[in-house]
Amino acid sequence: MSIGFQARGPAGAARTHTAPPMPSTPSVRHLPWGVLGPWLALAVACAFFASQSERFLTGENLSLVLQQVMVVGVLAIGQTLIILTAGIDLSCGVVMALGAMVVAKLAVEAGLPVPVAMLAGIGVTCLFGLVNGLLVTRARLPAFIVTLGTMNIAFALTQMYSKSQTVSNLPDSLTAIGNTFALGGTQVSWGTLLMLALYLVAWRLLADTAPGRHIYAVGNHAEAARLTGIRVERVVLGVYVLAGFFYGIAALLSIARTGVGDPQAGQTENLDTITAVVLGGTSLFGGRGILLGSLVGAVIVGVFRNGLTLMGVASVVQTLITGVLVILAVAADRFSHRGGR
Amino acid sequence: MTHSTRRWLLSCIAFAACAASAQTEPVIGLITKTDTNPFFVKMKEGAEAEAKKAGAKLLTAAGKSDGDTAGQIAALENMASAGAKTILITSSGDAIIPTVKKLQAKGVQVIALDSPFDGADALFATDNYKAGMLVGQYVKASLGGKPAKIATLDLFPGHPVGAQRHNGFLKGFGLPAADAKANELSKDPAVVCMSDSYGDIAKGQAAMENCLQKSPDINVVYTINEPAAAGAFNALKKAGKEKDVVIVSVDGGCQGVRDTAAGHIAATSQQYPLKMAAMGVAAGMEYAKTGKKASGYTDTGVTLIAGKPVAGVDSKDTKVGLDLCWGNK
Amino acid sequence: MTRNDSAPLVMQAKGLTKRYGHVTALDGCDFELRAGEILAVIGDNGAGKSSLIKVLSGATVPDSGELLLDGKPVHFRTPIDARRAGIETVYQDLAVAPAMSIAENLFLGREILRPGVLGTWLRLLDKRAMLDQAVARMNELKVGIRSMTQAVETLSGGQRQCVAVSRAAAFAQHVVIMDEPTAALGVKEGNMVLDLIRRVRDKGLPVILISHNMPHVFEVADRIHIQRLGKRAAVVDPRVIGMSDTVAVMTGAMAAEELAEAALA
């Protein structure tokens, strides 16, 4: 789009302001802690655990950590998108579990072809995303309340649909993505690669496309976005539905990893994803954050759980440390923003 | 007499008859931790069947999740005002104790099922310590003297059942361990890894993976329940170690017994929620009829279900296990 | 310098009426904006000033009356309609996303996309082009902000106002409307913004300036539209009329008929 705008006055054409754009001298406060912080924390944690156990930095161990976090990791993509619009989704884990039960039951008990069952599961999670999005945009209810409600609804539906029984004996194609292949001496899981690929794609789309920037604008200042012509309702609704799609992918990964459709799955993941997003530097107020940060946040939690077990430390310490990290992450984010007012 | 007057008279008589019978039919309440865990579903079924047989009216309720004591407290109060003279409850936590005391002062009998709490009139529960001991003895015997490197996949800190099963297992294995009253998990050099599984398959899998990384030569895995055991099996299979490692568990749910029959789990201690419920209803009927309360602790039984029997340890096979299991057959 | 009446009419409204329940906000209001001028719109609370501006910027649809742009009738149903017609509005709260950069804010909602499939299907941004154009536009208007990639929230109030004004000036084809641009600014920053407004006019864009800051109005306006009781009370020439008389007409202390012929514009 060109700007049709001619310089007219006598001074305009002859004189151009030639001062080049110069960044101001960065102080420590202005370093992008929101972006650097999570990576720094991860590096420090890895260095520490490597010093405590020679088994930590092996390819095999790190590959396991990635497999352990891949479900929360993919869920966190959707959660990050929603939190960027200043919303939140408390239902992501149980919606994923519902999707997983749909896939498992359709494939095993109804005997449907696996791709059909997979699509049905993703369809269910997208539907919940749509419901969440409509309640937030049309009924104008706060996202916290809406997703609190759909969390309970999804959980109840999962229990009723599955009669609280796990479904096993899944066909091989359903668990195929949990299989590993050899990469330079270690076993890497296809599911891990899928998670990494999804993150890379989503990260660039958020950063480099117009719809991606609109998501940030809506979260940062919805009224401003509306006044510049951005269809705010459409952006928010789209984000919830897209998140639902990622929850469906996470459901497939969950099935592939455990080998069963588990109706009790996903209950702690509701908050685990928010932890990953916060540790990754995304602001709960919306409009700020890097998607890759959520991956780092999820990996940090996995690294601590793995590292502490290798050290023989009680797992309750891991929960304590996660809580401390969350507070540090939010504090670091506020510290780096206080300078710019 | 007009048609409408006759109808009115008939309904009065019917109402009076109902009211009269309602006064003689004992009301018993059952409050479980959740109504989604198949363990409690089986308990509720057992209670309903017994109540029907005995001619009692059964009220049921559950918390929203394990630990939802607020929901259980509300249910206790509601059932008492609905006329329940005996309430059976699987306690989610000690927060219910003051309400229980209040109701007992009003003459309500409150019996603990499965999970003990202080001040209950009686307790009908699995001896979780014994359940752990049985699988511990089984593993010790099946190892036949080989040195053991043990991993325990526990519940989460502070839960009495988690501690009882864990410590019972160590005791049964022949290692020094705390007694059944302790809430803390005992340690021992033979236990090379202790991790929390929260009784969940995915978390059990991650816990097992991490333990294996720490000590690749683990050959015994104790798990708090069968979902955790399923997760442990997944991890071992991925590492190619499922044939070298013995997994034992507690619960005796139908899925778990199936896993035992398939060889994923070597042995599991089966518990009987149905029996707990039946005993509880019987105690309620006794109290209603004779005014005599139940008391003390009654062991509702635990049976070792093993895929392969082992010398010196009493066990039943998986066919028996499937007959008696709770959950979806 | 006297304003000449022969400058063409860019925007004209006749007989605008708008009622909200029992309240009549606009009561047959007229309006004229000439090319190359800064027209200040002043009025007391309840005079219909904001309703008039809302009609002109497309935020409100009048009950009756007509609106002409370059002599042709137009009907705006939303502010975006007005924007498409070439009318840009700088709102009182600026409508900028504080966490996003100056360049991003300049093009918010109308981003420059990469050519070809990347632009039409993926809607990939041409960030280089947006940055270059942002620098060019700001330089043209002599806005002295160093980096276009810094976040708007790192700027002072006056600088943010300049960003918002530059955005409107960059995209406007006919008219720029500014709502209280110097409110909440200190003396130095307020003057900086006034300079910018003059440069916008000098580039050929007429400006409608809503303000209650009389000194600023008198400093920068070519004509002043006085709104009173839902109608246009008078249009005066700030070089002739005094500030107190203007305020008197605005509050009704003086009738517009009492004004000298020379004061009218």
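Note that the chains are named A, B and C in the order they appear, and that numbering of residues resets to 1 at the start of each chain.
Note that contacts are C-beta pairs under 8 Å (C-beta built on N, C-alpha and C of every residue); 3 or more make two chains touch, one makes a residue touch a chain.
Computed from a predicted model, the values in this text were never measured in an experiment.
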If every chain is a node and each touching pair gets an edge, what shape is that graph: line, ring, star, complete or other? line
Return the chain pair with more inter-chain C-beta contacts, choosing between A-B and A-C. A-C
Roughly how many whole angstrom separate the Cα centroids of subunit B and subunit C? 73
How far is the middle of subunit A from the middle of subunit B, if each middle is the mean of its Cα atoms, in Å? 36
Measure off the straight-line distance from the CA centroid of subunit A to the CA centroid of subunit C, and report it in whole Å. 42
Please give the residue numbers of subunit B that touch subunit A in the complex, ascending. 36-38, 41, 65, 156-157, 193-196, 198, 200-202, 205-207, 209-211, 213-214, 227, 230-231, 234, 238, 255, 327-328
Can you list the residues on subunit A that touch subunit C in the complex? 1, 3-9, 12, 16-19, 21-24, 205, 208-211, 213-214, 216-217, 220-221, 223-225, 227-230, 287-288, 340-341
Of all residues in subunit C, which touch subunit A in the complex? 79-80, 83, 91, 93-100, 104, 108-113, 122-125, 127, 133, 135, 137-140, 142, 144, 146-151, 153-154, 169-171, 173, 199, 202-204
In the complex formed with subunit B, which residues of subunit A make contact? 53, 55, 58, 60-61, 64, 67-68, 71, 159, 163-166, 168, 180, 254, 257-260, 262-265, 267-268, 305-306, 309-310, 312, 314-316
